[in-house]
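After this come two complexes, each holding subunit A, first together with subunit B and then together with subunit C.
And now, the complex of A and B:
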């Protein structure tokens, strides 16, 4: 019992210490040892445009990923067809392929579009769409939709009503979860962003790298803190919203 | 199944709903990989230079080591998360999986912050113990392993946790009532039963480390690693073909590992 807590405690410490150190560096003024927020000011003025670019890109990626993936997830689980299994497997493959290879492949495939942010969005969606399919697919498979739909039908509900009042509400929860994850993935995506980076097309992670190669730990720490700030709310919301039906291995 | 639609009309609806995804698949995945293959294979048989082979060897060995370490490190926390219930559990899971949000570059930077030449750990150990531990380790193989491990801990923990939570505790309870001590139960019953999950997590961790670019970008000063070779070929030397060959090599390795993992799970 004690061993469990001890090991877990140590691993948690290892997890949380580095970002805390980064944040502590960020409050130091570059020259002196005093506490100051000047590094944050610097980051916001120099990289403010990357921040808004990343946010806008992430929003676009969320919307398009959902539009593409949600109908497909519904199809895979409730309206399967001959090759739907294969297609579902295929769309999952980017998750098990090395990020750099995919990034190179996409750029090689569309070399002429290198300056176009749509290429960047498309590359990010290679990672986000599988997650939406997986989350929605799992939910749709676990929920007793057939029974609920059948019950509604015997009570006289037509197809449209059944969809609107039974199935659609059940899909809200997983869709919100999926949107949160997509945002976090797009926000943190580095591989393709970095390779496609231009001064006008700089995502925040790529800007982050620029601060890492500068000589100021303080600025780098501040940029890192802002990056973490952008990712953590989604992460926490995900943890809070995620309901795990088979907690504890007791089965249902 | 709804009775007021025929099987083929359901299938047609399925195809219709999947059309955008299929289009995306064709444009975003299939075509680029096809072009990548084409580029790699232009000019006949594929040849790689010595540095590339060195990079492949280093990357594979490094990723194997990280995979083993991550299973050892994450086993207990994953077990605790999957099977114990206590207050503050959500906080624990959040804390453990927080690094999931850090991309590779961030992890590389954190490694430099912690075990670089004037990193947190050497400075602290200097003050407390008089000797500076791990100063400058970030760029050494050991430091790389530690950095990659940090990168993998949340992934391995989540993967193991989901497998552990499906573990049937009845067998373990039976063994306990028959008098088996905790250690014996662990090694002769639990670990063998969890073997497929451990294998799957091992391969997952291996694949992710192998392809991780951000960490290599920040830390691979003295050690040649494949992601960096791909990067320098592509952007520095403008040798797109070499980048393509190496990228395909990584894809091939990841795919074989994924297939091997599935085969092993099916066999056990």
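And now, the complex of A and C:
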């Protein structure tokens, strides 16, 4: 057991050390060795709008991705048609492309929309929609939904009751998981955001880059700390949901 | 409630017919075990009766009501699935409550009804647990409780014990038998296990390749199988070639002359075979008709299972009382104290021999003899 604790400890340290070092600088006043929270104040004043923009953008991307991808995942898994498997794989293509390729393709393809925040959302959704389709699709394939629906039918349930009381509740969990992942992708996305950024549409990761290139290390550290704080609720929710799909497992 | 099937046929998109023309009547209040090897169409038949599948042809009646086109939710049936199909997001109590969702009762009455069901099935202590937290036996009990909570007229069970380990299956089989017989409801029980079918079924329906091969009481099917497939499916069987006299009433073989238990009409290309179950042989003295050279003897407690060859080199399997002295290499004298014997027709091209030859499905219990 000791070697287990040791190796996981080392891995955790390697993962957390860089952000911890950055964050440790955040409590120093710029250009001095004094402890101070002034860097946080500076970040919030200067980049507060980016924080707000990133949050709004992520929420928008989550909603639209789910609206588009959930029906698609249901169609691919429950009502497969000829070549649906091929199409499902094709829409995964953006996941294998570097972000810069996506960004340039979007800029070239939709140049007239440049400066419109919708273009940024669209570019992010090129990643997020395939993720949702894949996550939901896999979950739906793992659940014996057809048999559960048949069981509901033998128990007197018509179509509406089956969807409301059997299928929809079973889809809530994977949908929430997918939403959290979409939020995380959008919140942390840099390549596309950076290339499509304008002064009024600067996402927080792009702002973070700016702090590292043009500000002191303490300001960059503070921005990093704020960025991590923004992701913490996601990690907690994800852990809680991933551990307990249905208390005690699928159980069918 | 009677269930009557008339000319039922069902073919899936490709391949042969899963149900190739079935006419049957399942008597009211009886438990009928539908039994057959994998792919014989028994589960398909159950799904057709439940309404989960629609037949390509034929009619299904519940008593005099034609239910062929009626969806399962309106057929008043209870169905226990092989995997139990318990709703994983609902606890045991909620699973059972779901069965009452369309009943014209108040919430309090429904809760009371669920409590009563939980008590009957002795699962009240599991009420708040989700299916994922239950053992196989507990899930089986919950599935049965849920199916019966609606008090359906017809109960359909699709291999409800097959997902369990052998020991638990043995235990629950007896328990389920007692329970089903106490229900006094028309129950159809699909299984590929002959012991389960014989233990639970008041009646048996034997299926193969989408057709009903034979139906009747377990004793009748065991004693008077229609062909070698059914004979071997329901137990070890020595099929011994014989000659039928002109009257069709008597047969003679190397083991003597016997009257025929049921008249037999041979079709062209068929020949008669006597069915000698292992337990039909008894140790003999001077009246011996079989001299068996023992090739293997296995002590099974109450009996010996003996394999050997008779003087003509014909392989036989016989059961002898547990207190008999028997050993490999010995000669055992046997007789067949029966005046009448079941004779069945086999295709002349089909090899006969002793129990269990030519079984394609390893689920079919029994030994493979004559292949040493």
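Couple of notes before you dig in:
Heads up, the rule we're going with is that the second predicted complex is superposed on the first by the 233 of 252 C-alpha atoms of A that agree within 3 Å, B and C clash if a C-alpha of one lies under 4 Å from a C-alpha of the other, contacts with A are read in each partner's own complex, and residues count from 1 in each chain.
What we mean here is this: contacts are C-beta pairs under 8 Å (C-beta built on N, C-alpha and C of every residue); 3 or more make two chains touch, one makes a residue touch a chain.
What you are looking at is a predicted structure, and each value in this text was computed from that prediction instead of being measured.
In the superposition on chain A, contact is made by A:81 with subunit B only, not with subunit C. In the superposition on chain A, A:215 makes contact with neither subunit B nor subunit C. In the superposition on chain A, A:112 contacts neither subunit B nor subunit C.
Applying the stated contact rule after C-alpha superposition, one finds that A:161 touches subunit C and leaves subunit B untouched. Within the superposed three-chain model, A:7 lies in touch with subunit B and out of touch with subunit C [touch as defined at top]. By the touch criterion stated above, A:153 is placed in contact with subunit B and with subunit C alike.
Look at A:72: by the touch rule set out above, it reaches subunit B but stays clear of subunit C. In the overlay built on the shared chain, the residue A:97 is in contact with subunit B alone; subunit C does not reach it. Judged by the touch definition given at the top, the superposed model places A:45 against neither subunit B nor subunit C.
Number of subunit A residues touched is higher for B, counting subunit B against subunit C. Residues 153, 246-251 of subunit A lie at the contact with subunit B in one complex and at the contact with subunit C in the other. Chain contact summary for the complex, subunit C toward subunit A: residues 50-52, 71-74, 77-79, 81, 83-89, 98-99, 101-102, 129-134, 139, 146-147, 150, 156. Within the complex formed with subunit A, the subunit B residues making contact are 1-4, 10-18, 20-22, 24-25, 27-29, 31-36, 39, 73-74, 76-77, 79-85, 90, 92-106, 108-111, 113-114, 120, 150, 153-154, 157, 164-169, 204, 207, 210-214, 217-218, 227, 230-231, 234-235, 240, 243-244, 247-248, 250-251, 254-255, 258.
If you check the complex, the residues on subunit A that touch subunit B are 3-5, 7-8, 11-12, 14-19, 21-22, 25, 67-69, 71-72, 74-76, 78-82, 84, 87, 90-91, 93-94, 96-110, 122-123, 125-126, 129, 133, 146, 149, 153, 159, 184, 188-191, 194-195, 205, 208-209, 212, 217, 220-221, 224, 227-228, 231-232, 235-236, 239-240, 244, 246-251.
Note for the complex: subunit A touches subunit C at residues 143-144, 147-148, 150-158, 161, 165-166, 169-170, 246-252.
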